[in-house]
Each structure stands twice: as C-alpha cells, then as structure tokens.
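Note that chain A is present in both complexes that follow, paired respectively with chain B and with chain C.
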Partner chain A sequence: MASNTRHDGRQDHEFRTLNISYDGLARVDGSARFGFGDTSALASISGPIEVRLVAEQASQATFEVLLRPLSNVPATEAKALGATIRSALAPSLILTKNPRTLVQLVVQSLSSKGDGTQREALTAAMINASTLALLNAGSVPMRGVVCAIPVGRCTAGDRETRLFVDPGETEISEIQGGGCFAFVFGDKLGWGDGDVECVWTNWKSTSGTFDENELSRARELALKAARAVYAEIKRGVKTMGAVPFKFNEKRVKEDVKKGLEAELKTEEGSNDEKMEIS
Partner chain B sequence: MRPPSPSIPEKEFLFASLKQSLRLDGRSALELRTPTFTYGPELGWVECSLGKTRVLAHVDGKMVKPPPERPFEGMITIHSEISPMASSDYEIGRPSDEEVTITRMLDKVLKRSDAVDKESLCIQAGQRVWHIRLTLHFLSDAGNMLDCACLAGIVALKHFRRPDIEVIGDEVIVHAPTERAPVPLAIQHTPFCLTFAFFPDSETSPILDPNQLEQRLSAGLLSIALNAQRELCVLQKLGGVPLVNDEVLRLVDVAVTKAQELNILVDTSLREDWAQRKVEVR
Partner chain C sequence: MSIVLPGENVPAQHVNLKLGPGLLQSTTSTSSDASRPSIIATRAGTLHHSANGAKWWVESNSRRYVPAAQESVVGVVTHRAGEGYRVDIGTAHPASLDALAFEGASRRNKPNLKVGSLVYARVSLAHKDMEPELECFDAQTRKAEGFGELKGGFVVRCSLKMSRDLLDPSHFLLPLLGGRFPLEVAVGMNGRVWISAKEVKQTIAIARCIGEVDTDGGGMGIEGVKKLLDSLDV
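Right, the complex of A and B next:
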C-alpha cells in the first residue's frame, strides 16, 4: 500500500458506507441499527424503568448494558465488551436525574465477524448504535453524543506507521494492531478540544513497537472521521427514521475534508499530501 | 419482573370485540399476520417478522467429535434465550414460563421432528461430525413469538449452506466457499408452528396468531406444528380450556391450509434471495 489509496479505493480517512436505521421495536423505548458496511449492530434502550432491589442506587439510575453475540449465548467476552461499552457511554449520560431507576441497554451484534477480523469495527458500530438508540428514546438526559470509529495501523519497513480509518475485509490480513476510539461530542460545551473529548480507546500494536506520537496521530485521524459520523447522526436525528437514511458518499467526503481543512489551518498546513481527495 | 396486567377497560373492550368477530388489528379470526423475511449478507442469517414481532435467526456450523453413543449423527443445538430487547419483562438468567415453553417447543419442532437429517452431517464415523448451531434472538415481542421463532429457525436452516468437504482416507479437506459452492443442509421436511388462542367465554371463536394483548388475555393456547404434507409434528395445549375433539380436528385442518400457504411463501422468498446472491457467489 504505497499510495494513499486503499484496496477498495478509499482514502486513509474514509470509512465504509454507513447504515443507520431506526427499527421501532415494539416494547422498548428506543432502538436503532448502525453499520459500517456489513458490520452492524442493533441496540435498544428501556428506561428509566423499575429497578431490581439489589441493583437500586439511591443517588443515581443504574445503567445496565447487556451484550448479545450473534451466535451462541453471551459468555465472558460478551460481558467484557458490554462493560467496555458501558464505560464509553456512561460519561455522556446524566444518571443522577433519575435515581432509583434502571436504564437498560441491550446491544445485539448482527455480524458474525465480530469475534474475529471485524472486532474493532463491530465495537464501534455497537457504541454508535447505542448512541442512536439513546437519541431515539430521548428518555435519558444526555450531556453529549458518543461516536466511535475504528482505526487500523500497518508498518512498512522503516517508514512512518501508516494509519487508516475503518479497515475493510480486504485489509484485515495486512493490519498490525489498531483500535477503536470513542469521542463524546457536545456542541458548545467546551471540553478538552473545544466541544469534543476522547472517552475511550483500546489502541494496541501487534508489530512490537509502539509510541506516544503514533497514538496521538491515530487519535487525530479518528477524531476527523468521528466528526463526519457525528454530522451524519445529527442530520438523521431531525427526521429520526421518518425519512430512510441514505448514505451520501460525496457529502460525507466533504465533511471529512472540512475536518481536515480546519485542522490544517490551525497547524499551518504542513502535510499537503492528505489534501488529495479525488 | 412480572409484566403489569392489561387494564379492565382494555380487557372488556377486547372481549366485546372478539365476540363480534372483530380483532384490534383488523384481521379476521383465522388470519395470520403475513410474515416477512430479511436476509443478511451471509448465509443462514434471517430476520423474520410477524407484524411487530421480530425474531432473528442465525445458523453456523463447525466440526466436532461426536459423542460415543451416537457416532454416526451430527449435532444440532438451539439457543433461544429471550433478552430484554424483546421487552423489559424478560430477564436474563431467570427464564419465564413463556421462555421455557418456547425453548421446549423449538426443540420439539425443529430438532426432534427430524427436520434436518442428522446422519447427513456425519463426516467420519465416530471421529468428526458437523455441529449445527441455531441461535434465535427475540428482537421484539408483539405476541406469538413462538410461531415467529419456529418460522425464523426453519428458514435460517434452509438458507444456511455449509462449506463443501472431501474425505480422502483419514484426511478431511474443507473447501473454501470461493473454491467450491457451499452445500445446503439436508432438510427432510419443513415444519411450521401455528398458535391458536382461546378465550374464557366459550362463545368466542378461537383466533390464529394472537397479538400481545390477545395472548395475555387468552385463557388457553393451542400450538400445532405440522408440515405442508399434513404430517403433524407437535400438538401442544396450554391452559385449562375444555375443547371438543371436533374443534381440535377443525383447527388442525385450518393449520394445514396455513402451513401450505407458508410453505409456498417461504420457498418463493428463499428462491428470490438465492437468485440475487448468485451474482456474488459466481
């Protein structure tokens, strides 16, 4: 992968087609589906509802996340991932408004590749689906909106490690580690980077070396892509499934480009290569 | 958590309308909500919806060593835990009566009725067999999850294709889907489950495919599992409603016609999906 273009013709900062839909499941308060290409997840939210006495908390609502893998019954891995998703979403929720209640999130994996090659993408899809379900329900007060994005890395000789967003099926054999980044967006709330804060990541390397610079580069790249995902979510929320979601590749490309341009202005344009967008 | 009972006005309204042969969703007494199927990117991934009731079925297969008492037979496992996604009434790890019934019925309808030929799943006697795992996810409960689950399960089994294998001496070669076309499971017959609900008032005629409210207020349920060839697999009656023989026979006849309709619907839907897929598989 010498040039900036990838196997499937995408640029480093482009993700696969997004699929967003609101399922309107009958007996939950909110539900939504989110997918990067074929890697998708379905989430449903119920709450605030009555809580079991054991789990009741006097000062805040209990936030429960149940994760269901596509095949077999949920085991340790699903529980671990459920805890991860819980920790990524919890900062965006204001649970103290509804003490002694339960907010129940059920995340259903819809992709069987989740336990292998597409793990990071599925984790990101699950977080995004949960966010959409929370927005769809509208019953839990929120501070911001959490968006997640998978990033892959690969090293080529002594050159700088190459980072790219949302590794696809064809790239999986080449990647050496990577991870998923989750950001919480809150317009005009003034967090770390203005209106956005990184709430969770599981960045890892399988090629032996790892440095702080690389992590911060990955975070920058992820943030740009996450902004585009956030923009898509924000657009969709206005109609909330009344108008079926359609992935507009051109629009998303422009969104990502806007993010890049803003970045370049502040950094006084050093890497012009990244600007080449077909 | 025990779900709250429907209110008295709801109950009275439903009973009064049923007495006039009217149903809340405008169906006639013996009308099924038309099932719709959505197929996923991979084979054996089917989402079946019956009105607002939705069940997702997923089939996968792997090779295992068979138990010594049945060396010539493959294995089939069905997972059907109801998650709170269906409704917050269901709790993980504490199966409700309904969940137990559904699990038992699925086992009888899909496994013990020999819908899938287990001997064809044998690769090497006593050494290696296919283990087919069917996982059912109850996404939304709007009544009659059992019928929806049975339908999703059987369609997923029919939709699934396992990789082709070759046995040379003691070696087993598994061919990737790109090399050789995957093979479907040997399905011997297609059972369908149909549920009728009875009401406390004996003058009210039984209804097919009850929705959630009708199911909650019913005095008894009769589930008939059978195939389009009129072969009865399971007949289960829940609740203490007394029934005359003739009534049961009449309902079996109704179920036969419905099963034949469903059979055509399922076959058409699978054929359409397969026609679309051929382009990708090559």
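Right, the complex of A and C next:
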C-alpha cells in the first residue's frame, strides 16, 4: 500500500460513506439503520415494556439484546455477539429510571460478514445502529452516546504497523488482524475526566504479537473517526422525527404544480434523510 | 433552541431551577465546584427553556408512554379487581383505577365499567417503583372535569409528540376539523386519541388526518389536510 492513501483513495482515518436512516419500523418504539458503505445493520428498540417474571429486576430495567444474523437462526455466535453489544451499550443507559421493565433491542444484520473479514465493520455497524435506535425511541434515558469504529492493521517488514480505519473490500486481503473500538460520549460520565471513554475493544493480531503502543495508537485513530461519527449522528437528530423520504417527494411534486417554488426549496433542505460525508 | 444528545451538558443556571423531561442533575460531580450542579440531557432532541431560564426541558418524539403525574390519558379497562379496575394505558405496568375515584361515586353507588371499556383519566400517581394510579375526577372539587368513561367513538393511536400537539390550542388540525363537522375528542398524553363524530365517514376522516399530520407518519401540513378532507368528501 502507498504511504498515505488507500486503494479506494481514503486517508487512514477515513471511513466509508455513512448511511444513516430512520425508517420508522411499525410495532416498535424506535428503529434505525446504520451502514459503513455496504456493511449495514438494522436495529429496533421496544421499551420500557412489560417484563417476563423470571427476567424482572427490582432495582433496574432488564436490557435484552437479540441478534438476528443475515441467514439462519441465531446460534452461539449470534448470542456471543449479542452479549458483546449489550456490554458495549449498557454504560450509556440509565436503566434505574424504569425498574421492573424490559428494554428490548433487536439487531438485524443486513450484510454477510464474508469469510469473517468484515466482521469488525459489521459489529461496529450493529453497535452504531443500536445507539441510533435508542436515540430514535427516546423512551429509555441515556447518559451518553456509544459510537463504534472498526480498525484494521497491517505489518510490513520492520516498519511500524500500519493502522487504518474501516477496512474496505479491497483491503481485506492485506489486513492482519485489527478490531473494533466502542466509545461512549458524554460530558459527565463520572468515571473519567474527559467527555469520552473507551468501553469495549477486541483488538487482535493474526500475524505475531502487538504491543501496548500499537493498541493506544489504534485507539487514538479510532477515537478520531468516532468523533466524526458522533458529529454525523448529532446532525441526523434533526431529521429523526421527520417525514419519510418517499412521502415528502410526492408532496414536493404537488407543491410544484401549485407553483410554490419558495416552499419547495425549504422542503428540499429538510429532507436529507440519508447523509454522506464528503 | 439547540439540538442535544444524551450526556451533553446543558447550561441551565437559575436560583429556582426546574428540570423537565429529558434532563437530569448529574449526581457524580467530578468538578470541585459543587455549588453549581451539572445538568445533562438524557435523550436526543431540541433543548427549550422558559423566558426567564427557570424551566428547561428537551422536546423529542417517542412512541412509548412513561407515566407522569397529572397527565391525562386514554386507557382500556383490562380487569375488574374488587374495589377497582386495571387499566391499560400503554405503559410497562397496568395502571390501577379506584372505583371510588369517579364523580359522585360512593360505597353504594359505584360506576359499572366492563372489561374493554374506555376511560379518560388523569394520572394521580406516577412513581418508578409503584404501578401508576389513575383518577376520573378532580380530587379537590370532586367533579368529573370531563374525565370518566368514554362511550362510543373510536380510538386512534399516534406518537406522543402528536398527542401533545393536539392539546396545543394553536395547532391547526382540530380547529380545521371542527370547522367542517361537529366532533368530540379526548386527547390522551399516552398517544391515544378518542374521537367521536356523527358519521362513520367523518370518524375515518379524523383518524386519517391524525395519522397523516403525525410527524411519525406523514407530517402533512395544513394545505395537505384540506386537500385530503376534500378528497374524502367531508
């Protein structure tokens, strides 16, 4: 690989195009879709709802994560990943506000994880989709926002290990391990000084070992990218309760007929449902 | 008015500060200055405050109702239990409604609600560790004040933002509908709206309009609603 740019022309700290959309699934309290390029996931939240007696907790809400793979029924792997997502999101939720209830998160994978190489990007997309669904629902109080970022690593001879955010399809053959970092953003988290804290990572190497320095470099790089995702999520909150795209388009057409061109401009401005990073 | 995400600091400062929905006083004060408690947002939405800066809240949309005292709700009776009723108001726990919490109710003369009846009630108790309690009268005056059993009519579900909008007298929808035909409406803050009109056609029109105007559904404006009503011939 060249020194600074990658196969698809991205810088090391740049992720693929973000796809964020709030589709408004029926029969749930909040839902959202998140994707890094083609790697995407759909999450939905129901809660606080009535809880089964066995799962009821007297002092806090039960937070349940159900993960649905792209194909087949959820098995051990899906359950393990579900537990991971649960532990990454739990620090951002205030479950004590609704004791004896259930908060149910259902995450549906929308991409295959290939031969396991896209797994980190998919995990990150699932965590981000879950966060967005929680924000969309608005019924579960939160003390922070969790953003996850996949990072790839590749070693080349004696040189320092090269790290890059969100490995794409073309880079899969070159990466030697890597992982996903989840950060929680919030001003008063109580366990740190800053406004951000790393809550989960699964950094690993498939070629030899890695040192502490590499891990902290990877975390710094992931944090830089996670801040960009956070900024994008914040921008997306404005369009969250907004009109689904298709419906609005029809309305715009009607307005054109009536010659309300001035109104049309404002309509266009407000229906950026899918956002892109330029 | 600005957008906040959960965990963000809110610059709320007032001697008599009141925090509304979506805000929390941070208990773990990491700063040395303990006299200025920090306020964080707990949900994503737009931050609002009263003119003098004493009241702050976060406005956002949601579908799941979490009970709060003094809010009016529309509920369905699900059980009769001795001296009272269980009412489903869309929360995690069923609410309880005492048979004596009605206008003119006494030991001898109690209202007779059946399972499946609709009631318009006020949340008299909402505590996270207890099940919500409802009442169908004003505890001071013991008058119904419009609360009680809802007979006939139809219940429409909408988002919580829509039900708050319907309660806003400056919102266009109900005056617009009322200008076309007579109707009765009971708006519950739990995202349930009871409507009653003379003809089935009119009931359908109201239900359709609420669904379309809802930002969670269509987000239709006043012009669109007028056109829709014309097309429905009411």
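One rule holds for everything that comes next: the second predicted complex is superposed on the first by the 232 of 278 C-alpha atoms of A that agree within 3 Å, B and C clash if a C-alpha of one lies under 4 Å from a C-alpha of the other, contacts with A are read in each partner's own complex, and residues count from 1 in each chain.
Keep in mind that, in the parts below, a residue touches a chain if its C-beta (ideal position, glycine included) is under 8 Å from a C-beta of that chain, and two chains touch if they have at least 3 such contacts.
Treat the numbers as computed from the prediction; the structure is a model and nothing was measured.
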Which superposed partner A:94 touches (first chain B, second chain C, both, neither): second
Touch count on chain A, higher of chain B and chain C: C
Chain B versus chain C as contact partner of A:62, first or second or both or neither: neither
First (chain B), second (chain C), both or neither touched by A:49: both
Partner chain(s) touched by A:128 [first = chain B, second = chain C, both, neither]: neither
First, second, both or neither for A:104, with chain B first and chain C second: first
Which of chain B and chain C A:185 touches, first, second, both or neither: second
First, second, both or neither for A:161, with chain B first and chain C second: neither
Chain B versus chain C as contact partner of A:38, first or second or both or neither: first
Chain C-contacting residues of chain A that also contact chain B: 28, 46, 49-50
Contact set on chain C toward chain A in their complex: 3, 5-9, 24, 26-30, 38, 40, 42-45, 60-64, 66, 91-93, 128-129, 159, 161, 215-216, 218-220, 224, 227
Touching residues on chain A, where the partner in the complex is chain C: 24, 28-30, 46-51, 92, 94, 97-102, 135, 137-139, 141-145, 184-190, 193, 195, 230, 233-234, 237-238, 240-244, 247-248, 251, 254
For the chain B and chain A complex, residues of the former touching the latter: 1, 40-42, 45, 52-54, 56, 58, 60, 79, 81, 83-89, 92, 133, 135, 137, 139-142, 212
Complex contacts: residues of chain A adjacent to chain B: 23, 25-28, 31, 38, 42, 44, 46, 49-50, 52, 66, 68, 70-73, 104, 106, 108, 110, 112
